[in-house]
Amino acid sequence: MTASTIGMSAFEIATLVRSKQVSAAEVTHEHLALVKARDGDLNSFLQISEEAALASAKAVDEMIAKGEDPGALAGVPIALKDNLVTRGISTTCASQILKAWKPPYDATVILKARAAGAVALGKTNLDEFAMGSSTENSSFGPTRNPYDLGRVPGGSSGGSAAAVAAKFAPIALGSDTGGSIRQPAALCGIVGVKPTYGLVSRYGLIAFASSLDQIGPFARNVKDAALLLQVIAGHDRMDSTSLGGPVPDLLSDIENGVEGLRIGVIEELIDGVSPMVGTALDSAANSLSAQGAQVEHLSVPAVKYGLSAYYLIAPAEASSNLARYDGVRYGLRVEGQDMNETYVASRTKGFGPEVKRRIMLGTFALSSGYYDAYYGRAQRVRTMIIDSFRKAYESFDVLLSPTSPTTAFELGAKAADPLSMYLSDVCTIPTNLAGHPAISVPYGEGENEMPIGVQILAPALGEANMFKVARALERGAPLIAKKLFWE
Amino acid sequence: MVEDSLSSNAEFLSGWEMVVGLEVHCELKTRTKLFCGCMNAFGQEPNTSICPVCLGLPGSLPVINEHAVELAIRIGLALNCRVDESIFHRKNYFYPDMPKDYQISQYEKAINENGYLELPLSKKRVRIERAHIEEDTGKTTHVGGDGGRIHGAVHSLVDYNRAGIPLVEIVSAPDLRSAEEAREYVSELRSILVASGASDGKMEEGSLRVDANVSVRRSGSREFGTRCEIKNLNSLRSLGRAIAYEAERQVELIESGQVVVQQTRHWNEDQGVTTAMRSKEEAYDYRYFPEPDLVPLCPSKEWVSEIGSRIGLLPADRRKRLTSLFEGVESGSTFDQIVTVVGLGLDELVVGAVEGGADPRLALARAANEVAANMVNQANLSVEAFGELIKMESAGQLSATQAKTVLGKMLESGYRPQEVAASLGFEALDTAVLEALIDQVISTSPKEWERFSSGEDQLTGFFVGQVMKLSKGRADGKVVTAALHSRRA
Amino acid sequence: MPESISRKEVKHVASLAKLALSDEEELMYTDQLAAILDHARDIMALDTAKFAPTAHPLELNNVFRSDVEKASLDRDEVLSQAPASQDGRFVVPRILGEAP
């Protein structure tokens, strides 16, 4: 083996593996060894699937030996958020209620990543059922931020974000319902993408809020994120909400620059952000402007109602999606005197406090007498937000905002006040409500030398432009000087 | 479909009127389930027709079966409904036979709305409020305690083969006014479902299940009384009895100064009573909301009319076609036979036989009785073979008794009537043999023959019987009668 | 301002959702849910009448599958994940009350 592949990009690893300069098995061993040595402190993985990983790597190497091309992610280690269903490999959603569940099928994205030659190392930690913004709501202990073990990595895909930031894998998959990819990407100093709703199949993604959930990539650079999205995107007949039509080409134009693009900075999403996050956003806007984009501030008035609409819609859908965890067919059962007692005992023991809180909030929003006032109204506000974005995109190609109002906060800082935690998602939520894509790109350091993320928003299926701007932003971004916990 | 009479009930209810609306759940005749590719079949080994989708496994998603939508539209068109854009909702409640603990159903905008069904006898139009698509639940079996009932069971076993089978729920307005009408409605609805090819209509296998909303009011009153819903009536007989019982119960309550409490009741077939179902203490709140995993159904006008063109003849037209073979039958036993034959989808058999030259009345009778009694083997019977049999019987080659026997064997074996008749030794009596037998009978009963010859028709039966006896059942009664009468002349 | 959610409503909602709450939890969730719902008052003041409800961010319709059989799961694999099974079926404790 020439040099260590730890810290290499997915593109670099795939190139080395395809040209036989390094074997997929060597890459896998090296990454697994790092995870095993260092993840004790980070808790980014809930489970390492060593056997399956080595088998995948072997399959890739055998294909290469036979002169076949294993695909764009040949031998590239990937980490999977543990709400993605993996056949025969336990899939927990970081919940006691699914602690022992071994699914009998694979999520579509898993099949696609495997078909492209990726090697899954294991399942990463998350807030239970993806409900949270810090990964503290995992029933298997919190994940920590690889730049400061006393701080959160963000959430809910905190495990995937921390694993990629810590160089345990060059890429990972997460899911984003209200910011669960972009916010942890920002807090961990990496790239995270929430694709257009319907671009990536949700089949095999354990549902939190079905009309908002979308699977997306994490990577340490923009091109890797585009590459992984290119692999997992595309129509799936198993998902009625999967878009038809060809997958947009995300890579061809990515280096073409932002000359002439119209970029709007959303005023409503700057209010209340930390001083250094605000400064970073200004600097990002200046950088894009210096590269030839037309950057202006604009108002997208309805986005300020996103949080309220989201915290009625998402819990409502969740309350129904999580009804199936009832102790009958799979998962935890706590036996009671009869069926009803068993439902109550199983669910009361199996779900953590945040999940219960959202189930109750959502049940309330849908309940008789309250539907119109809460859920119905939130759906109308959703239309209002979509309308507001539509107007904005009449004048702009993409929009810009911070990803998170602050840098990574300390563990436990917001645990006692759910509402303050919810406010971490204020910048990311409107995109989910609209079904649009958005990306978080690291942009230097802020308070406590922790990473800052800048968010680029685009209209539905505007990923190609979005990546182009993200790549330009990345080119001009200040680096993160802070060392990883193990460096 | 001969049913027991309910006239006693009608007397009891004098001064009262019952008001009945029905909700009929009909399983669609698709190959696969509503949202997944698992087989839609009855009687499989438990839990062998299940997948992540119909088992509600985490991460699974539903995709609508296009054929199920087509069959639902056929039902809507056959029931004169407006077929339009619709969406699916989730109906949330916990129950172990529901894998996701919500049922995907249609709530606000049903695919079929505002239709009607015309009752065949009274021509009364019963309004159909809606006929919407939804998924079936699994099946629970109760173990221990009182003979498989839910009460007193020690535990229950769940089989999800039925979970996710496509259903159309057909909701009538409260337009029915008697148990007979309710049965006529269901019977006609079943005929329509079978004729349109949407369902096999088998109540005994649960592919047609009826819930009845029953209330009573004083004759002449326009207000509705408090209603009770009787769940899961799985035969026409149960339906009629349960409604009659429930209406009587309500009248008795009111007449004794009590009030009817709105509740769901269970029909106990053995004891012939309805009983209140014990339900959980909390009120149900289904928290319906639009199913986010599915997109709207927007059937184009072209698609709907194309589906309409594929439906074929519906029962009313089928009855008309059969009726036209006879003279003036809008009621009576022939009409009853026509209703039966159409209801069972046997009308093509009769029409085909008649077109091939068979006698209409005989063909109708054999179809309504012998063929109807053996529906299981109906597929073995071709129109041609049936027609030939009827012609053999009309021509006196087979006696009525022989014809019935031959038809029975034909249904079991699929053989032609000639083959079956030959194998049973049912050679037709040739005229010379018959005449010889008649000579023999006349010679042994000269006095009776004298009386018969001088016009005592009541002796016809005696002579026919004697000839039949001598022929060991091979003679045809009608042919013998004709021969006797021509001798007398 | 009136309470946006009462303790009684929290109790009711928990029972609909099949969750048991201790007294302390009831109080805690009442406070927390009330705070979240109070935050949502910003949208209560909006005139939303001219906006139709969005259930779904996509403008898709008529997504169908054809009526073609697919392999079912292996029963043993499925039942191996069940808390209890017997004779090829899932076992559940006694059920009080019929399906609603």
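All chains are identified by letter, namely A, B and C, in their written order; residue positions are counted from 1 within each chain.
Simple rule for what comes next: a residue touches a chain if its C-beta (ideal position, glycine included) is under 8 Å from a C-beta of that chain, and two chains touch if they have at least 3 such contacts.
Computed from a prediction, not measured in an experiment: that's the story for all the values here.
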{"item": "Between A-C and A-B, the pair with more C-beta contacts", "value": "A-C"}
{"item": "Identifier of the chain whose CA centre is least distant from the whole-structure CA centre", "value": "C"}
{"item": "Rounded Å distance between chain B and chain C, as computed from the means of their C-alpha atoms", "value": "39"}
{"item": "For chain A paired with chain B, centre-to-centre distance based on mean C-alpha positions, whole Å", "value": "55"}
{"item": "Euclidean distance of C-alpha centroids - chain A vs chain C, Å", "value": "23"}
{"item": "Residues of chain B whose C-beta touches two or more other chains", "value": "52, 55, 63-64, 94, 96, 156, 158, 280, 285, 287, 289, 292, 294-295"}
{"item": "Multi-chain contact residues (two or more partners), chain A", "value": "101, 104-105, 211, 237, 240-241, 319, 323, 326, 328-330, 339-340, 343, 363, 367"}
{"item": "Junction residues of chain C - those touching two or more other chains", "value": "12, 16, 18, 55-56, 58, 60, 63, 65, 73, 78, 90, 92-96"}
{"item": "Sites on chain B touched by chain A in the complex", "value": "52, 55-64, 90, 92, 94, 96, 99-102, 156, 158, 280, 285, 287-289, 292-295"}
{"item": "Of all residues in chain C, those that touch chain B in their complex", "value": "12, 15-16, 18, 55-56, 58, 60-73, 75, 78-79, 86-100"}
{"item": "In the complex, chain A residues that touch chain B", "value": "83-85, 91, 93, 98, 101, 103-105, 107, 202-207, 209-211, 237-241, 316-317, 319-320, 323-324, 326, 328-330, 339-340, 343, 363, 366-368, 371, 375"}
{"item": "Of chain C, residues touching chain A in the complex", "value": "5, 9-10, 12-14, 16-20, 29, 32-33, 35-37, 39-44, 46, 48-49, 51-58, 60, 63, 65, 73-74, 77-78, 80-84, 90, 92-96"}
{"item": "Contacting residues of chain A [partner chain C, same complex]", "value": "101-102, 104-105, 197-198, 211, 237, 240-241, 243, 304-305, 307-309, 311-312, 319, 323, 326-333, 335-345, 347-348, 351, 356-357, 359-361, 363-364, 367, 373-374, 376-384, 386-387, 418-419, 422, 433-435, 460"}
